[in-house]
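Worksheet: the structure to be examined is printed underneath.
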Amino acid sequence: MIVSGSTSQALAGALARELEEPLATTSYDRFPDGELLTAAPDLDGADRAVIVASTVSSDAHLEVLQLQDAAREAGVEEVVTILPYMGYGRQDEAFETGQPVSSRAVARAISTGTDRVLTVNPHETGVCAFFEPTATAVDAAGRLAEPLPGGLTDPIFLSPDAGAIELAETVRDAYGTGETDYFEKTRHSGTEVDVSPSDVNVTDRDVVVCDDIVATGSTMSEAVGVLTDRGVGRVYVTCVHPLLVRNAYTKLARAGVEAVFGTDTIEGTSSAVSVAPALESHL
Amino acid sequence: MIVSGSTSQALAGALARELEEPLATTSYDRFPDGELLTAAPDLDGADRAVIVASTVSSDAHLEVLQLQDAAREAGVEEVVTILPYMGYGRQDEAFETGQPVSSRAVARAISTGTDRVLTVNPHETGVCAFFEPTATAVDAAGRLAEPLPGGLTDPIFLSPDAGAIELAETVRDAYGTGETDYFEKTRHSGTEVDVSPSDVNVTDRDVVVCDDIVATGSTMSEAVGVLTDRGVGRVYVTCVHPLLVRNAYTKLARAGVEAVFGTDTIEGTSSAVSVAPALESHL
Amino acid sequence: MIVSGSTSQALAGALARELEEPLATTSYDRFPDGELLTAAPDLDGADRAVIVASTVSSDAHLEVLQLQDAAREAGVEEVVTILPYMGYGRQDEAFETGQPVSSRAVARAISTGTDRVLTVNPHETGVCAFFEPTATAVDAAGRLAEPLPGGLTDPIFLSPDAGAIELAETVRDAYGTGETDYFEKTRHSGTEVDVSPSDVNVTDRDVVVCDDIVATGSTMSEAVGVLTDRGVGRVYVTCVHPLLVRNAYTKLARAGVEAVFGTDTIEGTSSAVSVAPALESHL
Amino acid sequence: MIVSGSTSQALAGALARELEEPLATTSYDRFPDGELLTAAPDLDGADRAVIVASTVSSDAHLEVLQLQDAAREAGVEEVVTILPYMGYGRQDEAFETGQPVSSRAVARAISTGTDRVLTVNPHETGVCAFFEPTATAVDAAGRLAEPLPGGLTDPIFLSPDAGAIELAETVRDAYGTGETDYFEKTRHSGTEVDVSPSDVNVTDRDVVVCDDIVATGSTMSEAVGVLTDRGVGRVYVTCVHPLLVRNAYTKLARAGVEAVFGTDTIEGTSSAVSVAPALESHL
């Protein structure tokens, strides 16, 4: 049985269809004092509950804990928790004295209510080990080729930094043709980042900038600006997790991006493709 | 110049492209005490600012007031405010003693900072008169045919109540073929609603249920359930404003809906088509 | 070292003074994507961290997990977690099929990061057993006598239901004089509750209505209304946890209550007395 | 009739007692889509509605608009709006290009639904002119002496900058004895502020630091730190608006402050005295 948190209803529906498993009834209520009441009334007798919920907010974290407990209370034998997007995944260490390792903190909490955890393209794969047992990292990058238009002109699949080059290669391979390259990013201070353009020739060529996550879009839009200055063809942005916080979308639009394609790990206007097929083989 | 509120960035981008007007830089910041600081730094010297912002939350209302004031402060001559989705549009009267006419309350506030207001398919057209001057209601229902698959089998375009029958007809006309009909809805109490099925034969026919707005999806999913009991073919849900609050998406998926298609007046996973072309002729 | 969550800063300060232990520097920040960063920079080398945080919201739950992890990361030997008010404490069972035992769900999560847990007057003492090890329930009811004016006229300490009679007795004992009694509450449905007045004569006598928690204030204000009808003297409301959600305060004021006295487990306008002295002996 | 917004229930109750006017029933509800429904059922036939609501959040702003409209809808003749704390009162100009004058934006919106506006000790008195008609600024600083302990040792009433010196003098006058002085504040950049200590001798003398508002408490705690370094006696902080956001309370406690006394313009744990008597003479 597929059980959806409020943040992942479209993905949970797609996964239920993919697996031909029933999608559970769920309700997301709130008491007058603000406390959540997340329930799944038809779990009784289910062998397995697959909870699907991106933990994009504190409320979403509490929902996961509640759905896990509801499954146990219903006598479900196996509880699988899928975090399509894992909140706090980028806080995998204490960057300054006194900070928590937030991904560890939430991983421990979530581990108390589940038999196994799956998450999609975590920003740092090391976070999987914070779960008990270790979470499975599902690679959905291959799905990102699907929404791209066919017939791109001599395309380059660019990652905005060296860390995401494999992801760019995966997208290129899935697309079937094209070069890959990456930008060199120099972080001057906490907020200032300089993107040194790569040496590849981009003039009149279509570029797909590929990353695991687009949050504020600052680095990404600066990278696109560099491309535009060099007479690039069309520019697409593709990412697994289209967080797109604050004015990210506007920044990218102004930088000249044709479209932003992401998956449904973050359900929003840029959820162009589902990660359900990538999850299916792990269930 | 097109100026986007944080809630309508994709639509604002689409409208800028449609009108070939520049999209303004905007920033959406928050002070430590929670107060918003919404700014648009490059408005100076602009003849016209077209603010695009669906007022889906209290924060979004404050953003509109701030962007309007920023435009005035920058000396912009004409301020146009587009509310793709107008919050409180369904509170067009005091349903019980002591209640406010909330749509009037917000309309008055928004009118203080703008020369004209446009809104897309308001639930009650009467709310337009609460603005000073009267707001323009833009009909974007014709856009809803676009995401529907071609070749629907002997399709029926159904509205869930008599009030939305014109909208269903508009979608049918835009699709090019099909019958129209509507469900009769009987409200037993504040929350209980009974959907009496229409008499049209739906067996093995594809149905597109059309409404202006899908909020909790309760009536809609009940209507779809009635269709499923009658051996309907495929069922699609289409609406201008895909609010889809709480477990709406899950309810519709469980009821057997193939897909939910909405516009970008509410930016989310069901924003299948943009209302930008419908707005364009009014600007 | 006393470490405060953002929701319990006054109580943590009071506890630090009571114990003559240092109050840790803490910071409560938020990333652009809404994720919290709760830190305590000067915990290094501390033998013990006493985290004080009422879990009144989902954010507050995440803060506790972060502060616990920060303490561990700093090499603190013993982590004590005080939940002055424990969120979800009233959800100690699945009241309907499919519901979680929310207090168990959060107790498990919180237990992953602490050596022991203390909580003040839980609504159901059974929730202590959900923690591992079992949490200590600290009784702070005796503190509630302190803000009451001296010289009450022939006072009665009334609990709004049989369950809180011991609490009323504790407040009476701490005040030094007076009778105790309770209202009989009949729950007709989910929301409708009838308060059958007790048979004690209240005419011209001062009444202190005592409860562990005042949330929406519905039952409490109805009880006070019954007293007023019977020609009561002054009426005070006292409770450990002054949640006072929505229009609770207005309801009580309109019912004729002189004042609402609570503790600092919920920091607000009704926090008339600190539970710090009650906690002190357990640390 | 006194009508309370959800944020000012204690003050509204105090004002109703002060004026011997009835306190209106109010309800603060929320629809599933998050929209507010603020109502006041017993306003019918009232000559005057005095709405009392500190606009501490976007929701609180919408509540004011709704209560104003409810009063008009009920046929109330005169609507008075009291903003004990006026949100956005510090944004009285565009500090950078493209910014709104946020206090003007909200003042215009609020003016659409009221006959007159009162606000307590605005940070910048110029904001009163943004209302139509000009709002009345009520000075409640004299109330701040009340919670101070009697018998302070040779007290100094210090304002943290030159701008609040009059406020310090008012508190001193109300207290009855003591010197006044102020700190010189040098702003190095947007966030860095240096407090140059005044030349007055503070050794072994009690100090009351007085300001109109304490928000993050950064300047205030730095000022207190300077005093502590100079062997001051006891230090109290007093302010009209105890916003105390983020870790403000902890910072002040760590700096050695005995207590923070504020009014009920911001209802919270530091609301030691009511501004109701100061408002009373204006109504």
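Labels A, B, C and D are assigned to the chains in the order they are written; within every chain, residues are numbered from 1.
Everything below uses one rule, namely that a residue touches a chain if its C-beta (ideal position, glycine included) is under 8 Å from a C-beta of that chain, and two chains touch if they have at least 3 such contacts.
Here's who's who by UniProt: A, B, C, D = Ribose-phosphate pyrophosphokinase.
Note that the structure is predicted; figures quoted are calculated from it, not measured.
Common neighbours of chain B and chain D, by the contact definition above: there are none.
Chain centres computed from CA atoms place B at the largest separation from chain C.
Residues touching across the chain A and chain B pair largely coincide in numbering: over half of the numbers involved belong to both copies. Centre-to-centre, using mean CA coordinates, chain A is 43 Å away from chain D.
Chain C and chain D have CA centres that are 27 Å apart. The set of chain C residues that touch two or more partner chains comprises 25, 246. Pairs of chains meeting the touch criterion are A-B, A-C, B-D, C-D.
The touching residues of chain C, when paired with chain D in their complex, are 4, 6, 9-10, 12-13, 16, 23, 25-29, 246-247, 249-250, 253-254, 264, 267-271. By the touch rule above, chain C contacts chain A in their complex via residues 25, 32-44, 56-59, 61-62, 65-70, 73-74, 87-88, 91, 94, 96-102, 104-106, 108-113, 215-216, 243, 245-246.
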